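As structure tokens, here come the structures.
Same chain, two partners: chain A is paired with chain B first, then with chain C.
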Partner chain A sequence: MTGQSIVLAADVPFPPSVEDFYLPSILPWAEHDNYWFTKITALVWLSAALIIIFFLVSYRKPQLVPTKKQWFAESIYGFVRNNIAIEMIGPRGVNFAPYLTTLFCFILLNNFWGIVPFVQISPNSHIAFPAFLAVISYVMFIAVGVRQHGVVKYLKTALIPPAPWFILPLLIPIEFFSNFLVRPFSLAVRLFANMFAGHMLLLVFTLGGFAMLNANAWFAPFSVVSWVMTIALTFLEFLVICLQAYVFTVLTASYVQGALADEH
Partner chain B sequence: MINTILAEAAAETEHNPIIPIWQEIVLGSIAFIVLVVVLTKFVFPQMEKTFAARVDAIEGGIKRAEAAQAEANELLEQYRAQLAEARTEAARIRDEARADAEGIRQDVLNKAREESDRIISAGREQLAAQRESIVRELRSEVGTLAVDLASKIVGESLADEARSRGTVERFIADLDSAGTTGGRR
Partner chain C sequence: MAGQEPSKNPRGDDADNPPDTGMGMTAVAYLISGMLVWGGIGWLVDRWVGTSGIFAGIGAVLGIGGGVYLIVRRLGV
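This part shows the complex of A and B:
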């Protein structure tokens, strides 16, 4: 595979590898293994800055009858507040709506870089970002559960399902595994893998077109098909981007709801 | 060539996409925490406030409208009641006035009747008195006249004064009864 890639890739590296996700740093310029200021971290800062600026500007002077910008900002918050927080958690979800909205916007915009022309890589395709978001969600739902019930009762409600006693030795480890071990990993890996695979797909079809063209001029029609596929996949990516941001937020809300719930 | 292959191979093993890069975790956390702090401190509470204010404004508006409506209804009722009251009052006043007018008319009529009766009876009394006095005058005069006339006609003085007086008396009584019927007529 490596050999083949070198044969084909006189100027276009094909097939794309994991290394394509680790771009050289911007400052200091073109240095490998220096991660403090890369395209990825720049995009994360940019996302945070854009979200802050957008909300502060559009909500600088809130009015009862909203302007267009204010309405847009409100409808983002209203969407997460009503359709995720309140729907999943109930009336107490309002307290979590600000964090969930922030989370949603942050993931959505970071994902969105994956299909923005000339940027086309999502910071969330580096597991570091999904990982710490998942850790925050993990810590949050456990903290919420402990505050709601106290340590012992929370562990009881989280670990002991209403089942006959003789199954409990089997169920408790399963509950522990699924509630306290798998949850953060599944959250992080789901988002990361989607973004990673999306970027990889786009790379494969874009670079594949060039690779075929380079290999043989007669392959040109296939290259065109490949690039059309890239465009189609970009639309698919858009769907995945929105969906993953939504799923991450909904799952966080659902974990919080589970922690708040009295019954199992 | 071999070098590049080796380099590529080395590079491929260099990064494992499942292992997070700690610098990115640090930077991402800072960026995200800043974002969370700013948005949850300055933006979303404002939004909640605005939502609440909006709900308040709408509900308040509805409540105000309802209050105004209720007030208007109350006023309408009040006006209607007042109007009905005024109408009955007017009717009462009219009836009273009518009754008063009737009473006054009756009064005036009675008074007029009384007055006319009084006038008539006074007239009658006066008439009767006059007639009485006239009759009395006449009676004395007639007596003397008749006596004079009789003495002249007969030419002799009546010796028996008592008898002549009885005759005169009888005559006058006859006269009187004739005069009374004549007066009545």
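This part shows the complex of A and C:
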């Protein structure tokens, strides 16, 4: 009995670890520990393809009275344009609406893989993807600021707060650190950590149920509770997924707004 | 598009900040970076002078003071 349960428990790796995020290669001809094309890679390509195809198809023959698909696509674009781009940046926000919409859709869909049954891992739970998205936003808002003001004036607006001269040496390093170092870092880490923690949480509750069941058959009711919790947490994850896609987009818009603003 | 026109309000500098411009994030970033930057510089000074932490402490306090000042100047009315 004890031996059997150890064997059974060995089937369920508990507690889950970072190793669980490194999925094996899905290329049939590659070795198992070859990471060039994994489920994560496939999901990212799939997300990109789905977004492109969806928007192409829904805008193919635009109608004055929109079809259902067109209405959906226009709602997403309209939401990002009116409630994020224009609200944050002002009328010039329309110029940034396409980028922000793309960003929003891409993050949302990539996050969403985290709770799709049988897929259940989000590419954004690997730091590389959020980090690269953050780099794009970072380069963009600096470029926008430089184009708007010129290098010197942009740095002056970004780094020199309205304050008496003797306090500036104290403030400029803080401004530099928070505007140019913390921003991309926090963008990337916020998204990554939420997705990573979400996946970890679901793993803990799912595998925990099996681990308890394997440890002692009398724990079966607790296992059921654990699995019910998994389902409840999946709904919580849905909230986090939408929220993080929104937050990433809103913060990008807010940084662009900061780069465009004149000094006050 | 989705029946809503973009808002016609001009956004000059004297207009109010739009609601929820990520101001909370900015404020937290200022506080933390103030502490980290000047605490870090203080720590380096500590290493250089050979004291055990007095400058890091002073730096962190100064930094967080600077952070609060920046929040007031940049985000305040």
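The working rule: the second predicted complex is superposed on the first by the 248 of 264 C-alpha atoms of A that agree within 3 Å, B and C clash if a C-alpha of one lies under 4 Å from a C-alpha of the other, contacts with A are read in each partner's own complex, and residues count from 1 in each chain.
Everything below uses one rule, namely that a residue touches a chain if its C-beta (ideal position, glycine included) is under 8 Å from a C-beta of that chain, and two chains touch if they have at least 3 such contacts.
Only a predicted model underlies this, so the values are computations on that prediction, with no experimental measurement involved.
Engineer: Have a look at where A:94 lands relative to chain B and chain C in the superposition and call it first, second, both or neither.
Structural biologist: After superposition on chain A, A:94 lies in contact with both partners, chain B and chain C.
Engineer: After superposition on the shared chain, which partner residues are touched by A:122: those of chain B (first), chain C (second), both, or neither?
Structural biologist: Neither: A:122 stays clear of chain B and chain C.
Engineer: When the two structures are laid over each other on chain A, which of chain B and chain C touches more residues of chain A?
Structural biologist: B
Engineer: Quick one: classify A:77 as touching chain B (first), chain C (second), both or neither.
Structural biologist: both
Engineer: Touch check for A:223: first (chain B), second (chain C), both, or neither?
Structural biologist: neither
Engineer: Go through the superposed model and pick first if A:40 touches only chain B, second if only chain C, both, or neither.
Structural biologist: So A:40 only meets chain B here.
Engineer: In the superposed arrangement, which partner chain does A:137 touch: chain B (first), chain C (second), both, or neither?
Structural biologist: neither
Engineer: Just to be sure I read the superposition right, which of the two partners does A:194 touch: chain B = first, chain C = second, or both, or neither?
Structural biologist: In the superposition, A:194 touches no partner, neither chain B nor chain C.
Engineer: Which residues would you name on chain A as touching chain B in one complex and chain C in the other?
Structural biologist: Comparing the two interfaces on chain A, one with chain B and one with chain C, the shared residues are 74, 77-78, 94.
Engineer: Can you name the residues of chain C that touch chain A in the complex?
Structural biologist: 1-4, 6-11, 13, 18-22, 25-26, 29-30, 32-34, 36-38, 41, 62-63, 66-67, 69-70, 73-74
Engineer: For the complex, give me every residue of chain A touching chain B.
Structural biologist: The touching residues are 2-3, 5-6, 17-19, 21-22, 33, 35-36, 40-41, 44-45, 47-48, 51-52, 55-56, 59, 62-64, 66, 73-74, 77-78, 94, 97-99, 101-102, 105-106, 123, 126-129, 131-133, 136, 189, 192, 196.
Engineer: Give the list of chain A residues in touch with chain C in this complex.
Structural biologist: 71, 74-75, 77-79, 81-82, 86-94, 161-163, 167, 170-171, 173-175, 177-178, 181-183, 186, 250-251, 254-255, 257, 261-262, 264
Engineer: Which residues of chain B touch chain A once you look at their complex with the stated criterion?
Structural biologist: Residues 1, 4-5, 8-9, 11-12, 14-25, 27-29, 31-32, 34-36, 38-40, 42-51, 53-54, 57 of chain B touch chain A in their complex.
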